[in-house]
């Protein structure tokens, strides 16, 4: 079975590489199409005296994969770009709605650039463009493009690669959820912070002190807050069983109502609905530092035995964790804010680092479906690791052997990860 | 070994007190030291030096009071420098409180006797356009016409009524842009629009946290120079000769860091000494 | 029904918001903006739930003369003052010179700036405790933190400034740690977070994770 | 002596908050209560004017007027937001409080969808992209990738590669950390510890800056400003 599973993982990885590579080639083919048929090619004027040699229009086309209202103008740089006394200062892009109408400047690009996106067009209107190459002595015009219209597209082809990567990870997660549901057991390693949850609640119960639960300071429009609340659901169940006190000050009203529902449900599930009270969760203020000032006050006055910080945190992380430390509470933290992790690691007893926060609710639930999804996440990691290792190796080989074709190949695959 | 045992469980309030003193005391000290100048500060200063007297300079204040300790000193020095060089100074902000910070810098500069003697006049020698909402789109609009983005200055005067702005239509009439930035919108947006699209010459002062994001632009020449955090401010103060808050603040920083470092060392010694004793 | 309809809403909306990223065509291109507006409107209604809760608890505290009830009076009075100044100010409630602005400038701002600033003390006390060579991992934390701190301030200039021009070995070491090993750790954390969020979001959209909705009644 | 009420209030509040570091006391409790009240009042007023008025009323009112003239405008969609907001408030009536789950479901669903894609792109795909560099050797600049400039950079690139790789190994959930795999995971934790130490050390300076700002206020604006 183990063998079969690893084969599936390798299979998914290989399939993803093939798909991504295929999409890169497909996109390339698309570009060639544009060049040959729909795009407009134009020539140049002769060089006037003392003026720079004008840039040559390359392609003028509707911008790819957007909501319309945009046309991309690109040109071949003037030979005077970057050197000489006629050195180019900038390129100006001019536009008109009729071929021999009045042309107005719609934007400019500094020297060395070869593309401009005019994002001020109206869909369905025909425009004509030319590029003026500016040096200190004046400007020289390219020829005028043929008429072109902008229009919105139904699929963002630029992000096809992201789409495919997302699809693969989703497929892997759903695959393992499905199998877990069918009764398949997966091995899961221990996470220290989660092993300690029950012990921490038990300690508060013994000491007759309360538990402080902080779900971060973001609203429900952050997955971290949702993760914090789902962990609260599991923690509250144990709290209800032990009949421990819980105090949960929050800084967002929607989080307040959500947390109340969650705790209430846990008390109902534990068979003690009477012990629940709405006052367990109370609102203070939306202000980050006003909130933490009040939480600090609660900590030194109530002296909770255990503090949970699970959600999205900013600078207030360390203010709370240090105050909690000074009153001798056991502190369990978890966040996906990379900037705050160091402070939690320094001041708390246990810290769930990034991904572990999201895994925590699945761990604590013990439901096979939830645990299966963690296995799916690991497939994502395998893909990331293979891609990083493989491509770094490829580049290194290419750079040592100085092989241009190998480099092109590596660039092409790397390009798949250049999501906009 | 009583000392080390005490040290291991030292009341943190002693640390608090020493940190407070280490930040406070340098504000009353006049210690000088030779500060080495980073290349990115030097190039910024050199570029300013090369501007002819009377050039038009746009300063954009994209920060708020919490970032003032890091950015205000460099803004102060820049405004003073601009006034001494007779630059025509246009002030604006993409953060609501930025232009108010600029007013502080201007007031500070006016205390300088040499600048006082110049009898600088608002509207003629300098103007504050105030804040405009819209983030990077403000810069975009300014590319066509400043007046479109700022119909009135901070005092409510029409753009066209301000003498200094008579001949200033857009970026092409500005010789240099100096950006003080604490985040978004800030240096990144100025580079991407004002530099890349409209070709302005841009120098920037950033908070220490922001500066790493701006370094790549330095390498690519999109930024002529960069002042990073208090240290950049102190270096700039040294070059312009207006030694003031950044230099003092930098000394406070060093003292405070030294206190933290000393405590960490003592804590480790205490840890090892007491552990050895236990064994 | 009370749980099914919300789960259907979550599923449909969740899928639509993933897809909108790939469809530039209207109306999908407006989804993100529209949601952000909607969310702000919902939050602006919901905040009354919180505010009423704060007032209720404070008033009960005052009425029952619980411990520290005097401070509850301060909360109620300052809340009413600020809220009334804000509502009375009309649309331009924030313009300089209004009562609301004065309260903001002279009370709100120093309070939040100072609360933010006491972090300086906590950074010092936390590093004192955490930067200790208890084991290999803690030692790495200590050494990295120590070296980066050394390179950030004037130690280079004070130690070497009089001897050499522009010689900053401590700053160089600090920058190397920031740019390479630190970067490596950050990347691993960030990629992990991306996968964690993708999988959690998927569990939410599929309705596997539903405890935030509360009970079945 | 020059008396400025605003500065004196600022000093009173600043010192009150700092006094908490010594121990909890009535001065701090007053400052805390003022802070909670003032900021909660600030938010309720701002959200009212900036969200309910500027976002809801300003978008919806013209659309409703237009509706009476027989036009259907896109902004009519804001009506749904208004209804969802009211549903949220129905929580105040316990019997029908459950209806607030609808707006909640919408918020959580949209958040899940948006963050799914945003994190996948900016945290996932982009970070992978940035990690892919040649580890060493001279590179012709043909492909547009930056060549390895110095030995330091080359060593650095190897470090980034190893660190990112082993860091990911550490985050593996479904494989026990033992043997070669466990060794890699251990190296991963070393990198995480260096990261935490370095970011911590890096941040000390900006936190000190904030306190310098407050001390500067006390010394220069308050004491020097008042007593000359």
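The first chain written gets the first letter, and so on, giving A, B, C and D; residue counts start at 1 in each chain.
One rule holds for everything that comes next: contacts are C-beta pairs under 8 Å (C-beta built on N, C-alpha and C of every residue); 3 or more make two chains touch, one makes a residue touch a chain.
Predicted model only: the values in this text are computed from it and were never measured.
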On the document's contact criterion, could you list the chains that touch subunit B and likewise touch subunit C? A, D
Between subunit A and subunit B, the fewest touch steps amount to 1
Looking at chain pairs B-D and A-C, which one is connected by more C-beta pairs in contact? A-C
Chain centre separation in whole Å, for subunit D relative to subunit B (CA means): 23
Distance from subunit C to subunit A - Cα centre to Cα centre, in angstrom: 17
How many angstrom lie between the CA centroids of subunit A and subunit D, rounded to a whole number? 14
Let me have the rounded angstrom distance from the C-alpha centre of subunit C over to the C-alpha centre of subunit D, please. 4
Per-residue multi-chain contacts in subunit A, two or more chains: 159, 162, 166, 169, 220-221, 223, 226, 254, 257-258, 261, 284-287, 289-290, 293, 301, 338, 341, 343, 345-346, 353-356, 359, 374, 377, 380-381, 384
Multi-chain contact residues (two or more partners), subunit D: 17, 20-21, 29, 31-32, 35-36, 38-40, 42-43, 88, 91, 101, 104, 107-108, 110, 112, 115-117, 120, 124, 128, 131, 161, 164-165, 168, 171, 192, 195-197, 199-200, 203-205, 208, 210-211, 213
Where subunit C touches two or more other chains, by residue: 18, 21, 39, 42-43, 46-51, 54, 68, 108-109, 111-113, 115-116, 118-121, 123-125, 127, 129-131, 141-142, 146, 149, 152-153, 178, 186, 189-193, 195, 197-198, 200-202, 204, 212-214
So that we know how the chains sit together, what is the shape of their touch graph: line, ring, star, complete or other? complete
List of subunit A residues in touch with subunit B within their complex: 89-90, 107-110, 113, 326
In their complex, what parts of subunit D are in touch with subunit C? 5-6, 9-10, 13-14, 17-18, 20-21, 29-53, 55-56, 59, 74, 77-78, 80-82, 84-86, 88-89, 91-92, 98, 101-110, 112-117, 119-120, 123-124, 127-128, 130-131, 152, 155-157, 159-168, 170-171, 188-205, 207-208, 210-211, 213-214, 217
In the complex with subunit D, residue positions of subunit A that touch it: 159, 161-162, 165-166, 169, 186-189, 220-223, 226, 254, 257-258, 261, 284-287, 289-290, 293-294, 296-297, 300-301, 338-339, 341-343, 345-346, 353-356, 359, 374-375, 377-378, 380-381, 384-385, 387-389, 391-392, 395-396, 398-400, 402, 404, 407-408, 410-411, 414, 417-419
Listed in rising order, subunit C residues that touch subunit B in their complex are 109, 113, 116, 120-121, 123-125, 127-129, 131-134, 142, 146, 149-150, 152-158, 161-162, 165-168, 178
Touching residues of subunit A toward subunit C in the complex: what are they? 65-68, 152-156, 159, 162-163, 166, 169-170, 173-174, 177, 219-221, 223, 226-227, 229-230, 233-234, 250, 252-254, 256-258, 260-262, 264-265, 268-269, 279, 282-290, 292-293, 301, 315, 318-319, 321-322, 325, 336, 338, 341, 343, 345-347, 353-359, 361-362, 367, 369-370, 373-374, 376-377, 380-381, 384
